[in-house]
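Below are two complexes that have chain A in common, paired first with chain B and then with chain C.
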Partner chain A sequence: MLMVAAIVGLLGALVAGVGAYLPTNRYQATATTVPCRRVVCIPVLKASAVIDALKAKGHPCEQERDHHWKCELMVGTLTFETTIEEVEGLISDVSVLVVRPPDEEPTEAVMDYLLWLAALPYTADEALTEEINDWVVDRIEADEDAEAEIGGYNYYVVTSNPGSIRLRVIGALR
Partner chain B sequence: MSTGNWLDARAGGARLSRRGVLVGGGLLVGGGLLLAGCGGRERPSIESRDVGSDRDRNKRRLREILDRQTEAVKNKDEKAYLADLDSSNSDLVEHERMVFANLRQFEFAEFGYNTRRVAAHGDYTFGPVFRITQLTADESPVGAAPAETFRYRLAPKDGRLVIAEITPASPGDQKDALLSGPPADEAWNMTPLRVVQAADNVWLVGDDSVPDLEKFAAAAAAEAAIVRRLWEGRARFPGDVMYLTRDDDNYRRWFSLGKSSNFLPEISGFQTSRTGVRQNGQVYSDQRAGAAILINLKNIRDYYSGEDPRVTMHHELAHSVTAQLRATPSIISDLGSPTWAVEGFATWATGVRWPSEASRYRSQLRNGLGSFKGLPSSKDFYGAKRSLNYLLGWSVFAYIAQIKGREAAVEFYAQVIPLNDTLEPFVELPIFDGICERTLGTSAGAFLEGWQRFVRRGAGA
Partner chain C sequence: MTVLVTVAALLAGMLGGGAVGALAGTVTGTPPGSSEPPPMPENFPEGDNRYLPGVTVTLIAKQWLERANSWTCAAEPDPDLERGKYETRCEAPGADISVYAVINHDDDAKVTGIWVACRYRTGSRMCRSLFEKFADALLQSQRELIKPATEWAKKNVDRDSAAVFGGIRMEISLSPHEMQATPWV
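Presenting the complex of A and B:
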């Protein structure tokens, strides 16, 4: 019960922050990638905003090395770990790892957490977000490792380690 | 569209129901097409790659093998444990047969393999694979179980994939991404062992140089009970495991002891700690996940008639029983708990057990005091002046026991060891002053003055 409350609260804060930055859902008005050094990054959304939002919701965040952050929350038998690579203040590589008891189906809170990440680059596009959600959910349900290129981003789903699901979104090389 | 609605939709809609997914997806794909029709930038699409790669399949196969080996250890089934090895590699099979024969004798609270951080090199090589080996002696609320790190190479053989190579991590492998983690240097990986239970959660482990392992059981049980009583109800690992040998090579190899900066081949015993891995695969070095004792009976023979290991056992038990509270090296300091406290307490505990030992320490200190300036630093504690350093450490606790009693000495130690030593004198830190006030009712300055007087006047009766 505590777990669900904590995670839903987290999502609320994050998505509210994201929404404020992306006022439109029209592609003609909003770029979906922005060049940052040798890769592409998620436009506008600052890495610090996501980290601050995670911290505000009780995730201890540590800067493990330059431009690399890790935020980890353990709630009961669940571990939620977000890692963020920052380039020029923006996000070039973000992943979440959810660790749970191996024999249990992912709960709604676990799926919410994963889908929050999946949606980060395309928050403004409700339809594409839903497609991405479906793709992620399908792969997790099928218990398959998967890769896809979506716009300028590479998406990875790793389910082959029992008890853990990793979803990673990396800005493609330019 | 409002952000609030978006959130509400996700919070209620994300679940693993295929029907829900298909219905939701179908509706929204329509919406997506509508958006695309508005013109402007081309809308991204999902380009799935070929995901059924050999690498993924091979990784799954490795996981299956590891799961079967886990069951085999639990069921003490050697045939099942060896079934997925490359049978043409007799060295590998024989080595794993030995490991299995060793492992089956231990009592595990948790045994298995953690592959959560596994990466691949090519399609067949995977690591780091953490073997979780939490003994009942190591159970603790730390939240990390002792682990060893390996890299596995699979190979096709007769139409199936088998384990072709298992590479253990050594302390020097930490920069190798596939071997990064606690070293795989437990004695059970190296030497045929025999395990004897000496008492409730007291275990003796010996190699073939100790055919008389049982002979030491009574001493191990008695010393463990005495040290545990001294430590009272403070945090500790529930059990104690002592490895005994008369073989200098094993003494050097086990737990990478010979690679340790303070290893000296003539020392009669060491206590080593086990590093843990958390359920999410993170190596957890903020606390110890277990402890073990190594004793070289051959070295003891040089000091104690009849190869009596009790003094060494007692000293090392004082380390291992209290290991859970000891600081681990951190970013701020890699020194760990002040060594004068760690070695001083173990030496003092041995002197409490045998007053004749305490008398010996006292007279050695009187003879070796020389130009005594204060407590030794952790940095070169085990250097040329180590004998004197041990004795100075002992004298701190002997002094406290004399002025405040034995319990105060134990409590003082329990409050010092969770802290890392620093390059500036630890005893000048404000936190040390606080410890002195709390446990001795005096300031650090007054305590140190009193202790120096005690040492200069001959360290007690």
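Presenting the complex of A and C:
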């Protein structure tokens, strides 16, 4: 009798285990966001590594308050400013502001800056990196405000204020 | 009794198995991505871009304004720190307050911006000559650009206009009448 009960118990464990493993594993392996406290974050990528990369390029970065970083590089009449919200060491929100003379076309430096930051969520996904690059380039060439959900993130581009371009990347909550 | 024990064993087994399975799924199914960001592209703006390429305080203040034109330059005691650690202000001879120049810099070879003011009436030869010589001085290390830049300055001396020569953005404004040079990327 105990033998039967033990076998039934083991079978139950096997079925439930496989049942729980498969969807969890599949969700994790394809997820472009991970839960972090009450929001979602970019998986794996460390906020400190992004701040260090900007500092290494000579961008002055300051921790404005807990878990809130601002890196601001001023080049003559141009300003390159990025704000990063950190949750549990990961990144939950990236806000970018480029200030430039309103009558000048965005330069390669402006585009390289915006695209590198826009693609931060997809360090391992070339297809999504390309998709977001195309979207940002198209929106800025069209010079119009836009928002879209791409790869689990909400993207916002605001070009309607003369002399500035804003970009925001924030994980979409389900 | 047998049924009860078997059902209990089944439930306990499923509970334990489910928990183990979910945990295994979470651990092995690591989300994709790298802990480091990708390398920055070639034209990503960098700290050194803050300075006018090939321009020094010595070149502008000493050689062009003081030596060649008898101006007087001095460190401004209260610099605009947003623009640079130091500010050098140059004035024309004969207490002529209609023209002056301001150089913002972190170091002799780290000039963040320069502007030259010319308050003579529009159409005056004074402003045209001053802006033309300013463009010439800015491009001493990129001599092939002197001709187009000085021609641009002469042509646009009396209107709002901007142009980029060799990483230097030159901007002329009419009110107040001045020409500004800032780095450009």
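The working rule: the second predicted complex is superposed on the first by the 142 of 174 C-alpha atoms of A that agree within 3 Å, B and C clash if a C-alpha of one lies under 4 Å from a C-alpha of the other, contacts with A are read in each partner's own complex, and residues count from 1 in each chain.
Here, a contact is a pair of C-beta atoms (placed from the backbone, for glycine too) under 8 Å apart; a residue touches a chain by one contact, two chains touch by 3 or more.
Bear in mind the structure is a predicted one, so any value in this text is a computation, not a measurement.
Trainee: What is the contact status of A:N161 with respect to chain B (first) and chain C (second): first, second, both, or neither?
Mentor: A:N161 sits against chain B, while chain C stays out of touch.
Trainee: One more residue to check, A:E144. First (chain B), second (chain C), both or neither?
Mentor: Only chain B is touched by A:E144; chain C is not.
Trainee: Quick one: is A:V99 in contact with chain B, with chain C, with both, or with neither? Answer first, second, both or neither.
Mentor: Only chain B is touched by A:V99; chain C is not.
Trainee: Go through the superposed model and pick first if A:D112 touches only chain B, second if only chain C, both, or neither.
Mentor: Both chain B and chain C are touched by A:D112.
Trainee: Going by the contact rule set out at the top, does A:D125 touch chain B (first), chain C (second), both, or neither?
Mentor: both
Trainee: Let me test your reading of the model: by the given contact rule, A:W135 touches which partner, first (chain B), second (chain C), both or neither?
Mentor: first
Trainee: What residues on chain A does chain C touch that chain B touches too?
Mentor: In the superposed arrangement, which is not itself an observed complex, chain A uses residues 8, 11-12, 15-16, 18-20, 25-29, 31-32, 108, 111-112, 115-116, 119, 122-123, 125 for both chain B and chain C.
Trainee: Can you list the chain C residues touching chain A in their complex?
Mentor: 2, 5-6, 8-22, 24-26, 28-38, 40-50, 82, 112-113, 162, 169, 171, 182-185
Trainee: Which of the residues in chain B come into contact with chain A in the complex?
Mentor: Touching chain A from chain B are residues 1-4, 6-7, 10-11, 13-16, 18, 21-22, 24-25, 28-36, 38-49, 51-53, 56, 59-60, 63, 67, 115-116, 118, 278-281.
Trainee: Spell out the part of chain A that touches chain B in their complex, as residue ranges.
Mentor: Checking each residue of chain A against chain B gives 8, 11-12, 15-16, 18-20, 25-29, 31-32, 72, 79, 81, 97, 99, 105-106, 108, 111-112, 115-116, 119, 122-123, 125-128, 130-135, 137-141, 144-152, 160-164.
Trainee: Applying the document's contact rule, which stretches of chain A touch chain C when the two form their complex?
Mentor: Those in contact with chain C are residues 1-2, 4-6, 8-29, 31-32, 34, 42-46, 49-50, 53, 57-59, 73-78, 80, 101, 103-104, 107-113, 115-116, 119-120, 122-125.
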